[in-house]
Amino acid sequence: MTRYELPAMVVEHQRRGANLYELILHAPPIAQSATPGQFVMLRPMRTHAPLWRRPYSILRANPDKGVFSVLYSVQSAFTELLSLKPIGSMIQTLGPLGSYFQPVRSARRHILVAGGVGAPPLCFFAARLVPTLQAGEQMVILEGARRDDLLVGLDEFRALGAEIRIATDDGSRGYKGFVTDLLAEALNEPIESAVYACGPNRMLQVVARLCAAGGVPCQVSLDAPMPCGIGVCLGCAVKVKTPDGGIWYRRACVEGPVFWAEEVVWE
Amino acid sequence: MTRYELPAMVVEHQRRGANLYELILHAPPIAQSATPGQFVMLRPMRTHAPLWRRPYSILRANPDKGVFSVLYSVQSAFTELLSLKPIGSMIQTLGPLGSYFQPVRSARRHILVAGGVGAPPLCFFAARLVPTLQAGEQMVILEGARRDDLLVGLDEFRALGAEIRIATDDGSRGYKGFVTDLLAEALNEPIESAVYACGPNRMLQVVARLCAAGGVPCQVSLDAPMPCGIGVCLGCAVKVKTPDGGIWYRRACVEGPVFWAEEVVWE
Amino acid sequence: MTPDLRVNLGRLQLRNPVMVAAGTFGYGLEYRDLIDLAQLGAIVTKSLTLTPRMGNPPPRVVETPAGMLNAIGLQNDGVEAFLRETLSRLRELGTPVIASVAGETLEEYVGVAVQLSRAEGVAAIELNLSCPNQARGGLEFGTDPDLTMQAVAAVRRATHLPLIAKLSPQVSDIVPIACAAVQAGADILCLTNTILGVAVDAHTRQFRLASKSGGLSGPAIKPIAQYHLWRVRQALPETPLIGVGGISSADDAIEFILLGAHAVQIGTANYVQPTLALEVGQGIEAYLRANGFDSVDAIRGVVY
Amino acid sequence: MTPDLRVNLGRLQLRNPVMVAAGTFGYGLEYRDLIDLAQLGAIVTKSLTLTPRMGNPPPRVVETPAGMLNAIGLQNDGVEAFLRETLSRLRELGTPVIASVAGETLEEYVGVAVQLSRAEGVAAIELNLSCPNQARGGLEFGTDPDLTMQAVAAVRRATHLPLIAKLSPQVSDIVPIACAAVQAGADILCLTNTILGVAVDAHTRQFRLASKSGGLSGPAIKPIAQYHLWRVRQALPETPLIGVGGISSADDAIEFILLGAHAVQIGTANYVQPTLALEVGQGIEAYLRANGFDSVDAIRGVVY
C-alpha cells in the first residue's frame, strides 16, 4: 500500500448544502490508488492552532483526470480555514490512507448505512460497487441525519439509481427516528445481506449489534482522533479482539478506519 | 477620544504590489474620526495562533463613504490569514487608536520620511496636509526601502503632486543607500523644516539624531509589540523623558505611536 | 426560568462568576468605553506594590504559539496612588474590586495589604505569590510551601478582608502549596498564574524579551491550569477556587467550573476581545439554560 | 564552503543535530516510504518496557491550542520484541538508533537497559524519567532529585552505552534535577518531556482523555522547554544537551541550539509534517551558510 505526501491543487471548491462543501483536489497518484473507505490527511495552512491535520474520507476519485474530492461540513477553526482555500491554491495532502470497504460477494443485498457526515466513503463505495453487481444482487442506502438539510451525499446515491431510505431525528424527511430503526427493519426482510456503515460511533455500535444478532457480515468505518494518520502516534487506538481470543489496540488510521464489526470491542 | 470596537465589512481587497495588499473596510465611525498617524487593531479570524490582533496604520479614510483602508505586506501567518478575507466578509476592528501627526505650522517645509511599510500613515498625513499648505509652504517625501519593489505608497504620494526622493539599499531605484542620507542632505538645505517619520525603529533613531543636531522639530511613529492596543497590558512600553526630567515608560498604543523624537530615550 | 449566576466564595459574593484577571485589565477604567463594567463579576486590579514601579525595559511581551510571554515587571503607580486616584472611581461602578498585592518581601506584602484594608471599597485581596522572594535568591513564593505559608500568614494577620492566594503553576505538585495557603488562612485559592518561559529570535540571536524570561499565558496553558485546579479541587473540596489560564470562550470557563472552580478570571483574551468577559457570562447563562441547570453551583465539580 | 553539521555529544557522535523524539516516530520504520531515514541525525525509538504493554483506553489524544495532550500509556511490544523484530531492520538504515527506556521501578529500567546493552546497534540509551514511580505513589522520577539520581545511577551501572537522561519540565527549578542526573552518571541531558494537563468537554461534561490527564506537547510548550534548557545550560556548561519541545521549523531548532543545545528532537510536529526533520536539517545548514558560520558548534549557546 503506497502513500503519497504532496501539495495538491484545489481545482474546484463548491458549496454543496448548508455549511457543506465539496473540495476537488488534483493529486494523480492519490486519485489513482484510492479505494472506497480510505481517507486523506489535509493541511490547508501551516497553522499552530489548529495543530493537527484532519482526516477526510474520499468521496469520489477520477483516476483519468487525476482528481479526487472530499465533502466536509464547516464546524470549527480547521474547517473554516479549509473553506477559505481558493481555486488554484495548494493543500498539503497525505494519502490514500487506511483500510477500505470490501464487497461481500456472497451477499444478495448490500446495505449501506450512512449517518450524517459519514456518507462520503459510502458514496465512493457505492459508485465502485454498482458496476460490479451481478443479476439478483441489490444495493440499498439507509441514510440518517438530525434534520433534512443535514443529509449528505443524496445526489451521489441518486445518480447511481440506488434505492434510498431516509430517516431524520425530527421527521423533517422520511422516517422519523434513527437510521438504525430502518436497518432493523431491512434485516428482517428475508434476503442474505451484508452491511457497510459509517457515521457516529454510537450509531455504529447499534449497527454492529443488529448485524451480530442477525449473523450479517458488517463493516464499520470508525471515527477516532488522528494526530498522524500513518500509524506512528498510537493515538487513534480502537479496542479489538485478536485472533487468539485476546484484547489489544489497533490503529484506526492503519488497520482501520474500516473494521469488521465483530472484531471491535464496543464500550 | 472615542474608540469603536466593531465588525467591519471588507468592501475591497486589492493586490498593490509584490506581497502588498490594500484592504478597504466599511466602518463609518472609524472612517469619520481617524486622524493621520492613528491605527486600528484587526482580527481577521478567531484563531488561537496567531493570538494577538495586529495594529495597522490607516492609509486613507473617506468619512463620506464611511470607509478607510490599510496597506499591509504578507509576512507570516497573521497577514496570510488577512489576505484570504474575501470581499463581503467581516473583520473585527478596534479604532481609531493612538496619537497622531501634528502639522508644525511654523515650518516652511514638511519632510515626510518613510521607511518600507512605514509609508501608510504618512500617505494619510500627506493627504490631509496638502490642502492646508499656505503659499511658500512645501512638502517633500523621502522614501526608502531595501529594493525598488518594496517601496510603498508611491502612487498615493504622487497623486498629491508631492516631490518624492527615493533611496534603495541596493540602488535598484533612486539613490543607493539609506533614506536617512537623503534626510541629512535635505536638512542641509537652508529652509525651516519639520520632520514626520515612520519606519523601522533603527531608521527613526537616526532621523531623531539628525533632527536633534539640526534643531528640527521631529515626530516619529514607533513600532512596538501591541497585545491590546488600548493601554491595559503595558506591553508596548517606550522609554521617555518626563517633563520633570525623569525617565518613565509610555505606551506606544495610547501616548504613541507618534511621539516627539526628543521625548524618546533611544537605546 | 433564568439560571442563577450568583456565586458565593465564602465571604466574597459575586453576581456572576466571571472576573478579569490581574494585570490584564489595567485598573479597570481603561475599558469603560468598550464594555459595561457593571456587568462583570469582579475586577481584579493590576498588582499593587508599596512604591511606584517603573517596570522592565522593552520589549516586554512576545507572542508565542497560542500564548504570549510577558515581563512587564509589575509597572504600577503604587498602592497610595491607587487609593488616592483610582479606587473611588472604580467603586462608583458598583462592581466588586479585588486588589492584587505584590511584593518581594513579607513586609512589602503586608504593607500593601494594610493600606488596602483601611480603604473603603476593596472587596477582597488577591495575593500574587508568583513574585520573586528577595531573601531567597528570587525563588517565587508560590513554588515553595513554606514561603507560601509565611506570605499568606503574614497578610492574613494584616487584613480582615477575604484573602485570595493566587498560586503559581511552576510546581511538580501543587497540592502541598495549596494546603499551606489554606492552612495559613487563605479563604480562596486562585489558580493559576503564568509559567516561566523564554523566546529567542533566531535572526538577531537575542532573547525576544529584554528581561530574557517571562510568564507564559493564553490558550496554550489552559490544559496546565485546568490540571492544577482539578487536583486542588480533589484535595481541598471545601475551599472556593478561582480558575484562570487560557480562557477565551464561554466553553473554556465552563470547563473550569465543571472541574470545580467557583469563579473564573479572564486574562490574555481581554486583549484580543475586550468584550469577552461579558460574552462569557452570557455564554454560561445560555449553557445552564440549554442543559436545564438552575445555577452555576449545579455544574460545579461534576467532572472529577 | 559547506557548514559542518556534525555534532559530538561526548561519545555520541551524530552527522547532524536533528533527531526524532521518543514516541512520535513509531519505531522509525513506519516513515520509511515518506522520508529518507538515512538523513536523520538519529532515531529515538518509542519508550520500551520490560514486557509488552497494551496502553491506555481511548480517547488517548486530544488537540489543545497549539498543542496536544497524550495518554498513550507506553503501548509497546516490549524490549524483547524490539530486539528480535525491529532493531536489525533499523540498523540497516545506518542511522544511529537511540533506545528510549521506560519503567515504573528501578528494576524495570535496569532490566530493559541490560537487554539493550547486550544487543548490537544501539547507539545510546535515553532514560524516560517522566514515568510514574510505583513505589512513591506515582510521583514521576524526573520531578525529584533523589529519584532521578537513583534511576540514573542504577542504569549507569547496568550499561556501557552513552546514557541520556530525559528530564521532566514539571518542576519549579530544573537545575537540581539536572545536576543529580549528571552526578549519577548521565552523559547527556535531554529536555524536556511533556507537561501534565487535562482537557474537558463542556458538552458531554467528561474528560477528553479516558485517563483524564495526559502530557502536553507541541508548539504551545516551546517557551517552557527552552526556559529549562537555557537554565540547565547556565548551570552545567560542560554537559551536552538535547533540546525538545514544540519544534516545528528550522528556526525553532536553531533557537534551542542558540540557547545551548547540541542537538534537537522533533516530536509532535512529525505528525503534521512527516518530512519536517529533514527540512530542519536543511534549514540549519542554510542558516549557518547565510550567516557565515562554519559549524553548528559556532552558534551553540550564544544566547545566554
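Going by the order they are written in, the chains are A, B, C and D; count residues from 1 in each one.
Definition applied: a residue touches a chain if its C-beta (ideal position, glycine included) is under 8 Å from a C-beta of that chain, and two chains touch if they have at least 3 such contacts.
None of the values given here were measured: they were computed from a predicted structure.
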| item | value |
| --- | --- |
| Label of the chain whose CA centroid is most distant from the centroid of chain A | B |
| Top chain pair, ranked by number of contacting C-beta pairs | C-D |
| Approximate Å spacing (C-alpha centroids) for the pair chain A, chain C | 46 |
| Inter-chain centre distance, chain C versus chain D - centres from mean C-alpha coordinates, in Å | 34 |
| Chain A and chain B, separation of their C-alpha mean positions in angstrom | 52 |
| Averaged-CA centre spacing for the pair chain D and chain B, given as whole angstrom | 46 |
| Interface hub residues of chain C, defined as touching at least two other chains | 65-67, 218-220 |
| Chain B, residues touching no fewer than two other chains | 48-49 |
| Topology of the chain contact graph, where touching chains are joined (line, ring, star, complete, other) | complete |
| Chain B - residues contacting chain A, complex | 45-49, 77, 80-81, 84, 86 |
| Interfacial residue positions of chain A with respect to chain C in the complex | 48-49 |
| Chain A-touching residues of chain C, taken from the complex the two chains share | 65-66, 219 |
| Residues of chain D touching chain A in the complex | 23-26, 30-31, 33-34, 54-55, 57-63, 65-68, 70, 72, 75, 218-220, 248, 268, 270-275 |
| Residue ranges of chain A touching chain D (in the complex, touch as defined) | 2-3, 5, 43, 48-53, 92, 94, 224-225, 227-239, 247-249, 267 |
